[in-house]
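My questions will all concern the structure given below.
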Amino acid sequence: MLEFLSGLNDKPFEAVAIILFGIGFTTLFLHPNLIKKIMGLNIMDTAVYLFLAAKGFIYGRKAPIVVDGVTSMEAYINPIPSGLVLTGIVVSVSVTAVMLALTVRLYRRYHTLDIDEILKIIRKEGN
Amino acid sequence: MSKIRRDYENSLWRKLVRFVYGENDSFHEKAGYDIEHPETEKRKEETFFEEVDYTKKKKESDKFFAKYSAIAEKRGEKVYNHFYKFLAAITCFSIIMILLVTVAKLPSFGNPDNPVNNEVSERYIEQGLEETGAVNIVAGMILDYRAFDTLGESHVLFIACVCVMILLRLDKETNDPEKLKALENDRDFEPKNEAILQHAAKILVPVIILFGIYIVLNGHISPGGGFAGGAIIGSGLILYLNAFGFKKTEMFFTTKTFSVVSVSSLLFYSLSKTYSFFTGANDLHSIIGPGTPGAILSAGLILPLNIAVGAVVACTMYGFYALFRKGGI
Amino acid sequence: MEILYAILLVFLIVCATFACLHKNFLTSVIIFMSYSVVMAIVWMLLESPDLAITEAAVGAGVTSILFFVTLKKIHAMDQEKNCDEETDTSEI
Amino acid sequence: MDFIKNFPFFSIIICLVSGVLTSVLKKKAARYLTYTALFVLFVLSSLVLFYTIQTGDYYVYRMGHYFAPWGNEIRIGVLEGIFAVFFCIVMLLSIVAGEKHIDEDVESTKINLYYTLICLMMSSLLALTYTNDLFTAYVFIEINTITAACLVSVSGTGRSLYASTKYMIMSLLGSGLVLIGITLLYDVTGHLLLSNIHDSVETIMATGEYAAPMTIIIALITIGLSIKSALFPFHSWLPDAHTASTISSSAILSGLVLKGYIIVLIKFFYRSIGWENVLKTGINDVIFVFGIMAMIVASLFAIVQKDIKRMVAYSSVAQIGYIFMGLGIGNEIGVIAAIFQIFAHGVTKSMIFISIRGFKDVSEHSTRFDGIKGAALRNKVSGVAFAAGAFSMVGIPFLPGFVSKLNFAAAAGDFGGTKMIIILVALAFSTILNCIYFFNALITLYTPVVMSEEEKAKRSVKSGALYIVTVVCFILVNVFVGTFSAQILDLIESGLKMFS
């Protein structure tokens, strides 16, 4: 059954990134608790950025900082994924901050962190 | 016998199975912050009929009937819960398997002739130095080649801070009783001024902020840049706030400084980028030259932009913490 | 060198699963913090230092501080609600 | 390079700068700055539209000194021009109509922050229509998500906080899938620019080397964007979000936010994958099926609702189903009909949400059917507006809804085969369902209710003159889109030709 996964054995970082994406996605999707959902969201985002950073890596090449004037392409890895992931990390922080602010407001209003519980209270009280 | 049973009960595999099949007691936070689930307790000490007069018995049977219908409805909901959780677990598992299969077919890890290493990355590396003057090619790419993304990026951070302000800021003149109550008890959450934290902060805070400034200033030479340096300065300020309390921090960092610093650096960022985009699009000569690579004051606009982004990120990170903690910056 | 990759990656997966499965919030936030730090180290190994510094400062630093302050805020609201209703809640 | 080419870039920067400025201004100053900014935007976008119609071809605006694959680039054609003008009109009218009501719903000290959200929402919508780079689209999708979630939760009631959290979680699931789609696409093609991706996709489709991952990538990005634009199976966040938010937020959310993601999807299909390759992978049939299901099931849900706002929200889900069904048909006319439906639904649905707030004023803040009985007699203007919106949705001639239904039938006719039968049956059935719930709402609104004196006093609050003027403008815009639909369709057709 595992021969179609054989392509993964020389790709350790991508395989782990996809597994982490699965863990984060499942937690965000399944877990009723809000804080665990946000944690799942963070894990999902960092997993995608790990995948993107692993795509830029080239064996035997150094970080894209020009060292003593060498500017040939063979000396450095691909800088584009680093640029994209830098942008992505800040997006994850801002989304986490907004979600946590919503959680605090929800807890102040409903005194529970469980999103199904909140739905029941809303249905009962009507607001 | 029971010891084996108990080990089996809380072994990892049993927990995973129960997590997948959705009995939620292994995850349902008994110890955490949820209220205890009333109906599980209620059902245990449920008493049946005693000899009572007719009206009381009528009321009793109504309550009894209501409870049973509640349980029936609760069971319906439990079945739905199980079904929904099982279906959701299946969809997540299938998504992960599909992704694993696609990743297996993708170009291999780390070999030089991937489709990713094409003429786009070649130009960034080959002419990156003399076109942008930034030794750190990634910083050159972010703040000069693809600057529109990073412009959007710092506005993502700004809009997140505005959202947290809308949600958590407690203004004096709100008439909402819940907010006013929250306003008082936030005030008494002043940090506890322990001596240990204050002494540690006295040594650590200057070092952290100095290191953050170093990262911001050398953004185009060594790795780092506006985002990393700003976050370091922001956490230095948070440490200072925790150690010395709101009164001392408000001496040098109030709402006015926050809005002045973040708005002015965002405006500087937008206007300088408008200038460079406008001159670029209309093929006018822009007066910003790449400067001598390696020197601090080189790489054209990248240094001031790094300082602006560092200021925005530092203010926003500190703003997040202060808004959460005190409901105001 | 391969062994180091393997150890870190297995550590990442273990941290991620336990951060999501653990009942207590404070422990799962601490496990999440270690997840971010190890992610920063992995990015160092993948030759992208910019990401390592940013992930360490922003991911491990500020995100975890925000989680902690949310827990503190929730615990504070819990205390204040309790002194109205005198029901006990377990320590964090 | 004549000066008018800079206008799209200027409009994005104006939004960003005015967004930053309003966060520190006072309430009244922030409000008038937003109005002037949006009016200037409207003028700039219409000038750009006329310019692109005259030149008859798209042009590429290079952001900075470096050409496209290296630097950023925005691309402006007739279609982007129409979208920009449409966004400006609906945004401006929604906010001006909601001015008095925003003061009631939002805390007085935070109203300038509300206008910050509006400006940055506008900049993300414009950037999403103009951008030619996939990662810039992702960054502005994130800005759009955060602003939309905060627009829902700005009123601060428990229900709006819950709706905003649910919306945020579903939306972030969607953008997680979009992000992994973009990463895989970048990894396989090596480019982030939509037009360059097209050439690599052609070679991939030809050699078939990465053909399987290619379909998965298209599927991921399509599912991600359809989650964000509330296509049928993923629509559960939309009714809560639209019912709980304030007047202008619900108008903007249903009229504009959902459309931004559909525009990115169309751009992704047309420009980077190429319409024939999309047909080859068969993704459009999946969208077609979801669209048909949305039209039928969402309309059934709308009938059983007891709250008029939830009913209109479910009808939004049905109309989004129309758009995706149009995309799914597969021929050129289907896409044109879908794009026209984007305008028709945007203009009509925002007007309906604005008019519902008018009913809420005159019936003690209740939007349930028993509460608003006879409200249209008390608040004449919103009664007329709701009637116009309902007629347009149902498909009365001279109104946009009718023209889009006509186009869908024409597209079905042109395509022929079993799809044509399915479409025509679904169109007829969902129009009947539309009639049922919209006319039911109209009847309850127009039934006179005998009220005692003090009830009459309580329920006769007068909505401001500005509200009446803007609602009349909304009706005029609707009639304009309905009557001049032939010219608009030609513009869309010419725009679509230069779109790929």
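For reference, chains read A, B, C and D in written order, and residue numbers begin at 1 within each chain.
In this section, contacts are C-beta pairs under 8 Å (C-beta built on N, C-alpha and C of every residue); 3 or more make two chains touch, one makes a residue touch a chain.
Model, not experiment: these values are computed from the prediction.
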item	value
Selected interface, B-D versus B-C, where C-beta contact pairs are more numerous	B-D
Whole-Å gap between the CA centroids of chain C and chain D	38
Between chain A and chain C, centroid-to-centroid distance (C-alpha), Å	13
Inter-centroid spacing, chain D versus chain B (mean Cα positions, whole Å)	28
Junction residues of chain B, two or more chains touched	27, 29, 32-33, 99, 105-106, 114, 116-117, 120, 124, 136, 138, 146, 149, 153, 156, 159-160, 163, 167, 223, 225, 227, 320, 324
Residues within chain A bordering two or more other chains	12-13, 19, 21, 24-26, 29, 31, 54-57, 61, 63-65, 80-82, 86-87, 89-91, 93-95, 97-98, 100, 102-105, 107-109, 111, 113
Residues within chain D bordering two or more other chains	135, 139, 142, 146, 149-150, 153, 156, 180, 186-187
Every chain pair in contact, whichever chains are involved	A-B, A-C, A-D, B-C, B-D
Contact footprint of chain B on chain D as seen in their complex	1, 5-6, 9, 13, 16-17, 19-21, 23-24, 61-66, 69-72, 107-110, 113-114, 116-117, 120, 123, 127, 133, 135-136, 139-140, 142-143, 146-147, 149-150, 153-154, 156, 180, 184, 186-191, 200, 210, 212-213, 216-217
Residue ranges of chain B in contact with chain D within the complex	98-99, 102, 105-107, 114-120, 123-124, 131, 144-149, 151-153, 155-156, 158-160, 162-163, 165-167, 169, 171, 173-174, 176, 259, 263, 266-267, 270-271, 274, 276-283, 286
Chain A-touching residues of chain D, taken from the complex the two chains share	135, 139, 142, 145-146, 149-150, 153, 156-159, 161-162, 164-166, 168-169, 172-173, 176, 179-180, 183, 186-187, 192
Residues of chain A that touch chain D when the two form their complex	21, 24-25, 28-29, 34, 37, 41, 44-45, 48, 51-52, 55, 80-81, 84, 87-88, 91, 94-95, 98-99, 102-103, 105-106, 109-110, 115, 118-119, 122, 125, 127
Partner chain C, residues of chain A touching it in the complex	12-13, 16, 19-20, 23-24, 26-27, 31, 35-36, 38-40, 42-43, 46, 49-50, 53-54, 56-57, 61-65, 77, 81-82, 85-86, 89-90, 92-93, 96-97, 100, 103-104, 107-108, 111, 113
